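Next come the structures, one after another.
Shared chain: subunit A. Partners: subunit B in the first complex, subunit C in the second.
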Partner chain A sequence: MAESASSKVLVIPCSGIGKVHGLMAREATYRVVEGLEPETSDTLCLALLVKGDEEAVAAVRTRPCITIDGCPKLCSYKNVQLAGGNIAESVRVVDAFKGHKGAQPGTATELAGDGWTITDEIAQQIAARVRELCGGEEQ
Partner chain B sequence: MSMAEEPIKVGIISCAGEEIPEGTISRLAVRRVLEHLRPGQTVSICLPLFLAGNEGERDFARNFPTIIIDGCDKRCAQWGTEKHSGPVNAAFVVTEMLKGAPPLSGARSGRDLTEADLAAVELVAEQLAAALDQAAGTYTGSQPAAAGTSSACGCAVGLPSGTIQVNGKTIEIAGLPLIFQQCQEDGLAAGSPDTPARLLAVVRVYHAVDDSEEQAYAAALVEAYRTSLASDR
Partner chain C sequence: MAERFAVLPCNGLDKAVGPLAREIALAVVEACQGELVCPVLFNNLPARYTKALELPLIVIDGCGTRCATKLAGEHELKTARKLQVAEALKLMGESAGESLTPDAQRLALCRLLTERLLSAPEEGTALDSEAAFAEPVEYATVTHDKFIFRIPRQGYLFNENHCWARLAGNRARVGISDYMQQELGDLTFCELPEVGTEVGQFDAVGSVESVKAVSDIISPVSGRVVAVNPAVAETPEIINEDPYVHGWVAELELHDLESDRALLLEGEAYLALVRQKATDYRP
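Let's turn to the complex of A and B:
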């Protein structure tokens, strides 16, 4: 069943500009909201939320949020938390590397093959969580 | 290269808005400037880190002439930078820069970008590079030594760093002098019972600390803070 925009799970990446992990967080988000779970998930500009935009703040408070962070600074998680957001899951890109020792993910500008592979794994993990949150299939 | 020969480094902050295609264009244009058009002359910082950071991050636009690139007219990057760090040298909005250019495809993911999208990245990047040259040419202030290269990591690049000794290892921490300066201004005493936890909490925002090394880090930070306070007397 398609969810209305007001009930979609929000997937919010850090998009860190300095590291490949930030790009992976961003691309994993698009894989989920455009490819795997377009009817039940959406994204939100993190900078708009941090700016204090009323609609963005209301959205993270009323909808389940999944944050994806590229580095240990956890900018997405911390900023959603600061906004009073309803964080259902916090995903760290670095954790996805544990099963990929020696992987060469690419750069902060462009992902290489390993980067896309790991990004897709992250996206699958998040999509499964989205389905759980929407009361659908569980992993 | 001597300090006198160091090029003026210019900061670029991008909104990288995730919801809109223009956010992807802004992010990629900044990466293009960092890596190809003006390598070694450009520093960047993650906007969410800048907006939620402490004085260390927010000194960014005070230490560097700064250019802003926003994806849309909400101008989150410009708003945040000017609010927390002062006036910027130039501010651009992708939607305005691309007026008259072929329309974007609407893609947000790098998987789906078209030739038109990549041409838009180039167009925006070239305007940023020109603005960067202008900002550098008119800058008369002094700059901190940049920590690391601009294209290796944008987080906290350019902030002065400090070192501590943890379990026999020398650890470099970006922004440490600024963290100490802020704590000093807040009246935090080195011997206060709160000091280890407070220093550790601030440092952890920018630097990964393994749980098993918490105590060692806290002790090292207090010692370095004590030394910093003594040297300021």
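Let's turn to the complex of A and C:
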């Protein structure tokens, strides 16, 4: 059943620009909100949140959020937390590399085969969590 | 090699235009071997980018929220060049589409906007008038007795002070309308603003004087003056002869066209205003 926009899980990646891990966070988000779980998930621009946009702040406080961070600075997690967001899950791209020793993910502008493989795994992990948060049977 | 820039884009995520801003930012950085400024990290740790921001700065916004511009403003960064992708696409008669993943057509538009951004002129010089403002102008006319008033059909915005803004990318040229120049009569003097002046919407951006009266030129748009037209200061009658093209007064780098536009008239609406005014016209 389709969820209303106001009840969709928010998948919030870091800015994801300038580093390959950030690009993977962004692409995984798109995979989830446009492909795997378009009816139950949505994304939100982190810059809106850090600039204090009222709608963005209200959204992270009232809807379950999954943050995805490329690098250890954890911009997404920290800023959603700072805004009083309801963080149901925090995902780190670097953690997904643990099962892929020596993987070559690509560059900050273009993912290579390994990069897409790991991105798809992250996306599947997030999609499963979205389903769980929406009352599904996953995980 | 091209001049190096620091590039501050918006986050570019949750609207279709956002990923286009990101594509352009990455392409600019690659082309000029510049420095990319992550907007969120910059907001949290500005010191991280102290060195990068010694370079001239390009600010790229996707949507009208203009997060990157706001961020630059809050940190008092001087902006060398600026692009708002949604507005630029609109001026090109294009749109960002619906998908967060740009298709080939949108990527081609990104390449075009990247080239434009990197080839933008230095402050103090007008955009290449042969290119950016060279589109031929098609006029509608209002006739009253022996008087004929011309109004450009497209590409111009007007205020009710009979001043216009002609748009090209994130810049606009401003001047006075044919109706106003005829009402004033032969112009004897045109005062230009100084390059670098910040102009709010409906602020004076210069003045014109005729044998009948002195009148401020009320800017339809907000922005920073990046060029002026010295020809009209030397020869004000250019404005009488060709008010909409060669009679431009100042060129502005736009601050917030989307907001400004709400208080302006398109060609058709201004035509109706002039038609109404023309019935009372006493030269």
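Please note the rule applied: the second predicted complex is superposed on the first by the 139 of 139 C-alpha atoms of A that agree within 3 Å, B and C clash if a C-alpha of one lies under 4 Å from a C-alpha of the other, contacts with A are read in each partner's own complex, and residues count from 1 in each chain.
In this section, a contact is a pair of C-beta atoms (placed from the backbone, for glycine too) under 8 Å apart; a residue touches a chain by one contact, two chains touch by 3 or more.
In this text, all values refer to a predicted model and were calculated from it rather than measured experimentally.
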Worksheet item: Taking the superposition as given, does A:Cys75 touch the first partner, subunit B, the second, subunit C, both, or neither?
Response: both
Worksheet entry | Partner with the higher number of touched subunit A residues, subunit C or subunit B | B
Discussion item. With both complexes superposed on chain A, which partner does A:Ile17 reach: first (subunit B), second (subunit C), both or neither?
Written reply: both
Discussion item. A:Gly85 in the overlay: touching subunit B, subunit C, both, or neither? Say first, second, both or neither.
Written reply: neither
Fill in: Partner chain(s) touched by A:Leu111 [first = subunit B, second = subunit C, both, neither]
first
Practice prompt. State which residues of subunit A lie in both footprints, the one left by subunit B and the one left by subunit C.
Written response: 13-18, 22, 26, 29-30, 34, 43-48, 50-51, 53, 73, 75-76, 78-79, 108-109
Discussion item. Taking the touch rule as given, give the residues of subunit C at its contact with subunit A in the complex, in rising order.
Written reply: 9-15, 18, 22, 25-26, 30, 36, 38-41, 43-45, 65, 67-68, 70-71, 99-101
Worksheet, complete the sentence: Listed in rising order, subunit B residues that touch subunit A in their complex are 14-20, 23, 27-28, 30-32, 35, 44-49, 51-52, 74, 76-77, 79-80, 108-111, 151-155, 157, 204-208
Response to the item:
The answer for subunit A against subunit B in the complex is residues 12-19, 22-23, 26-27, 29-31, 34, 43-48, 50-51, 53, 71-73, 75-76, 78-79, 82, 107-111
Fill in: subunit C contact footprint on subunit A (complex, rising order)
13-18, 22, 26, 29-30, 33-34, 42-48, 50-51, 53, 73, 75-76, 78-79, 108-109
